[in-house]
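Pasting the structures here.
In what follows, chain A forms one complex with chain B and a second complex with chain C.
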Partner chain A sequence: MTLSLGKKITFYILLIISALLLAGPMLMAIVMSFMTNQDILSGSLPTALTFDNYIAAFEKFPLMKFLLNSFIVSTVIMLGQLILASLAAYAFVFMEFKGRDLLFFIFIGTMMVPFEASVIPNFHIIRDLNWIDTYPGLTVPFFATAFGTFLLRQNFKQIPKELREASLIEGIGDFKFFLTVVLPVAKSSLITLGAYGFLTSWNMYLWPLLATTNDSVRTVQIGLKQLQTQEQLNDWGMIMAGAVTVIIPTLILLFLGQKRLQKGLTEGAIK
Partner chain B sequence: MSMTSPIIETNESYLKKVEKVHKQNRIKSLLKGLLFLLPSIILFGVFVFYPLFRTIYLSFFLTDAKGATTVFVGWEHYVNMFTDPIFLKSIKNTFLFVIYTVPVTVIISLFLAVIANEKLKGIGFFRTIFSSTMGVSVAAASVFWLYLFNPTMGLLNEFLQMFELDPIGWLTDPKWALISVAVTTIWMNVGFTFLILLGGLQSIDSSLYESADIEGSSYFYKLRRITIPLLSPTLFFVITVSIINSFQTFGQIDILTQGGPANETNLIVYSIYREAFVNYQFGSASAQAVVLFIIILIMTAIQFKVGERRVHYQ
Partner chain C sequence: MSQVELINISKSYDKQKDVLDGINLTIEEGEFFVLVGPSGSGKSTLLRMIAGLEDITGGFLKIGGHTVNHLPPKDRNLSMVFQNYALYPHLTVEQNILFGLKARKVDKQEQQKRLKDAAEMLGLTDLLKRKPRELSGGQRQRVALGRSVVSHAPLCLMDEPLSNLDAKLRANMRVEIRRLQKRLGLTMIYVTHDQVEAMTMGDRIMVLNDGKIQQVGKPITLYNEPENLFVATFIGSPKMNLADAAFSEDGRFLIIENNIKIAVDSALFTNIPRNRKLKIGIRAEHLFPGMTKKENIHNVEVVNVEQLGNETMIAFEVGSELWTAKWTGQWNIQYSQRIPIQILPEYLLFFDAESGKLIQSAQEGKRQEVVSV
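Coming up: the complex of A and B.
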């Protein structure tokens, strides 16, 4: 399908206008984060560019610690989800036992329980385990994932059953087959799920707000909220520097994995 | 399975043995299967199913500040809830918020997906930009828009000033606050919705368009007769997910308005949060959570039901 020149120009104009509108708030934040506070307050265009806002955000605020905390929390959740979801998906695809379908149904059923609706007992559980202000408290509740199990199950199903039968004859056990055959074949779905898990964990808000009471394991999202509320002077340049710092890791992840995420999420959505 | 025995057996005892081995194998495979599933089952049990039943249980009690039950009150929380003007407003505004956000998000994302599905040079760049808000966290997005909505410095009021219009108290005027939170939410959700819709568009068989081209169909005819019908399963998925997401809105409100002004933006999850973790009324907060759960349950059930029908018709 080739487009006429006129149509091409129309499309480019639409694309450029949409891109500017959509990226507008982000561009504004990035520009502001390099502006002096004087320029911001007087509402002028930047007269000078400076790194001062970033330096201030990192010096006046434990931003580095928050970033590290977020990195640890997101990585641990990502790994936990990958391990649990791939084990469960393997059982649902390659093992036959009574009640398998019922169990799968129950797994899918957990998608109907929004975390927000069960947050009160969850908070009490974490508190009673003495897990407030700890990494386990921020991560363990999110290890089991129905979406991830479902996504990997779709992918594992494409592995020929004959492969498992052949390996059975050679006397290869389930766990070895899982590690040496299934996981390497499903690498790309694992990466998709991993990226998605990291992204959503990094951006989590309600749970870290409840499960942290001090800076020790506080994640960067809650740190950003603090930066915004504690900053009495309306130092918007510094706040924006903080916000831009927060979104850089996920934006990089998204730019690298956009095609894969799109493919993986669409498969999970449509099939 | 090698279980040849030198002894000649009667048919019956042989069958019994086979059955026994089969049974052993069944138990063995059940145990093995459970072993792979156990970590997920335990965590779902502790962090999903137990809290769900506990929430229902708590909704019939008064609790102390630590969350231990004190007095059984039966349906009282539910009765109070549906006569409490603040909660009724919260429910009404939550539904309003869904109506404000979902159609606009889907229409904008669909438009973006359609124009980003053309084979043009540099289209990858635009796709990246359009999906970028998916990488922006609630906290960061809210901070961006908090500035845009700023009554004196914010860009939105500066634009209004340029056209000599009166400034608007985007987050402080009860007429505008919910709309402002909705705008922020739409902006945040466009990235994900766009990405899914683009995937849906790309899975449409291109030969359909080619034959339509041969027949000389117009661009909008193709859009209406090929794209939209074939995209309908994806559209349906995206609409359901957006509705569920809208019901779960929390972070934007916590940063932008804290439920104000005059409870205009006190949407249901924020209302639960405030009742439980600010007022320590875990009983009545749980009753609200049960309402939220039922709403989401109905939405998901519809998704599964219609999704299932779609598969049958294919």
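Coming up: the complex of A and C.
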């Protein structure tokens, strides 16, 4: 399609405006994190760039501790989701039992119940288990994921049934087949689900807020909020420095993930 | 010794109509046995029941003399080749071939020895490090064969293994599979919907239709003496020419489609009931050119001519049926031309029109068979 010059210019202007609208706040945060407080509050352009905000953020608050907590919580949730979802998806695809499809649809149906609706019962459970302020309290409620099971089931379904049948004849049991064939073949969607699970838990706010009462296992998103309210006059430079630090792992994961996700691994199984 | 025995095997899904019914069959050791039938006839289901991938609803299945109805596939000591090859896409050719041996914990050296033998036999030696997606269809097929070769299982099941290949490669692989089977002395059960494959490969063929055995026998027997109309039309290409027929009231003529009269030769027609509705059949190659001959000549109008180079197919109408004659050599015949065709009574097969059962096969066909053997 070729566009006339006038149309092209209009399109590009519109695109640039929307790009700025989308990326603007982030750009502002990054710039602000390097500015002195005076510049920020006077609303002028930065006169000097400084790392003071970053140093302050790490010194005044246990930001490292928060980051570590977030990392542990997100990793554990990611692994838990991968293990449970892949096992469940395997059962839904390769095992035959009565009411399998009905069970699956009920399972999928739980996706319609928003997380907020189950917050209170979940909270009761972890309180009764004495899991407040512990890693299990932060992670275990998120292990079972209908979305992840659904995603992996769709992917496993593309694995030809003949592969399972061939392995049955060769005497390979379900678990071995799962480990040696299904997981490697479905690698790309496992990575997708892993990245998705990690990022979602990294950005969680409500649950960590409820399930923690002190800084010992608190995650970084709550920490950010604390940066903001501790002082009467907000130190915006420091808050932005904290926020930028928090999005770095997200970005790294995104860049790493993109390349791996593009690898198609299933081609060639059948003609 | 019989390798596989099926005793009154039946299969139904959800207590519905039987997909397979009353299958009795014995397959000998070292035999190349072909199950052939149109799609939906139950041939694949039967094979999968032998493999243990489907439950057996009724009857007994014996392999090597033991009832194996409830044994899992791995304990039945067999190998199987699937239509889509079922190669593990993330493993190399070598790993694919050895996958089953590793699972069975076969000794490492033994594994390598079997791999080497199989790779040499199938011409895969240079491809061992490749992934399935880097192979052509024929090569993938050979890897799948390699997997069943290294398993050293005496019984090999194949489910339409050639249907994904192009015609030329298919002809090649037919020969290769056949040679492999003879060399290794395997008992082979081979499922196909292609009657040419069945005819050319099988020691014995079983024709299946609608879940029932139509006929079991040597390819040439099925061709010459089809037990019923289904087998008559299914085996052979072009298919056997069929037509309704009845005797004239005085019994002196056989009238085909109210159209062609054939004088009754009492020696040939003694066993044929006069008072029943009949179907007659005649093979395309038995409809001879009638230019230089005198007896039993009928003039027909040509509706289609196919030149194959070494032979010519001529289609013409007999009453409501379209018949094909196969003449050797090249014939310059035009559309709508009238040509003389010789229909000799000794080449006719007689079927009961109602039951479809064979009453009498062609006298001449049998004689030729005896000579050729």
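Note that in this section the second predicted complex is superposed on the first by the 241 of 271 C-alpha atoms of A that agree within 3 Å, B and C clash if a C-alpha of one lies under 4 Å from a C-alpha of the other, contacts with A are read in each partner's own complex, and residues count from 1 in each chain.
The rule is simple: a contact is a pair of C-beta atoms (placed from the backbone, for glycine too) under 8 Å apart; a residue touches a chain by one contact, two chains touch by 3 or more.
Please read these numbers as outputs of a predicted model, since none were measured by experiment.
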Which holds for A:L82: it touches chain B only (first), chain C only (second), both, or neither? neither
Please indicate which partner A:E162 is in contact with in the superposed arrangement: first for chain B, second for chain C, both, or neither. second
Check whether A:K8 is in contact with chain B, with chain C, with both or with neither, and answer first, second, both or neither. first
Which partner reaches more residues of chain A (counting touched residues only), chain B or chain C: B
What is the contact status of A:V182 with respect to chain B (first) and chain C (second): first, second, both, or neither? neither
Footprint intersection on chain A (chain B / chain C) at 265-266, 269-270
Considering the complex alone, what residue numbers of chain A touch chain B? 1, 3, 7-8, 11-12, 14-15, 18-19, 22-23, 25-26, 28-29, 32, 40-41, 43, 83-85, 87-88, 90-91, 95-100, 103, 106-107, 110-114, 116-125, 140-141, 143-144, 149, 174, 178, 199, 202-203, 205-206, 209-210, 221-222, 224-225, 228, 236, 239-240, 242-244, 246-247, 250-251, 253-255, 258, 261-263, 265-266, 269-270
Give every residue of chain A touching chain C within the complex, in rising order. 160, 162-163, 165-172, 176, 181, 184-185, 187, 265-271
Quick one: in the complex, what on chain C touches chain A? 51-53, 72-75, 78-80, 82-90, 99-100, 103-104, 131-135, 137, 140, 147, 151, 164
Given the complex, residues on chain B that touch chain A span 26, 29-30, 32-34, 36-37, 39-41, 43-44, 46-52, 54-55, 58, 67, 111-112, 115-116, 118-120, 123, 126-141, 143-148, 153, 155, 158, 187, 190, 195-196, 198-200, 203, 206, 209-210, 213, 219, 233-234, 237-238, 244, 247-248, 250-251, 254-255, 269, 272-273, 276-277, 282, 285-286, 289-290, 292-293, 296-297, 300-301
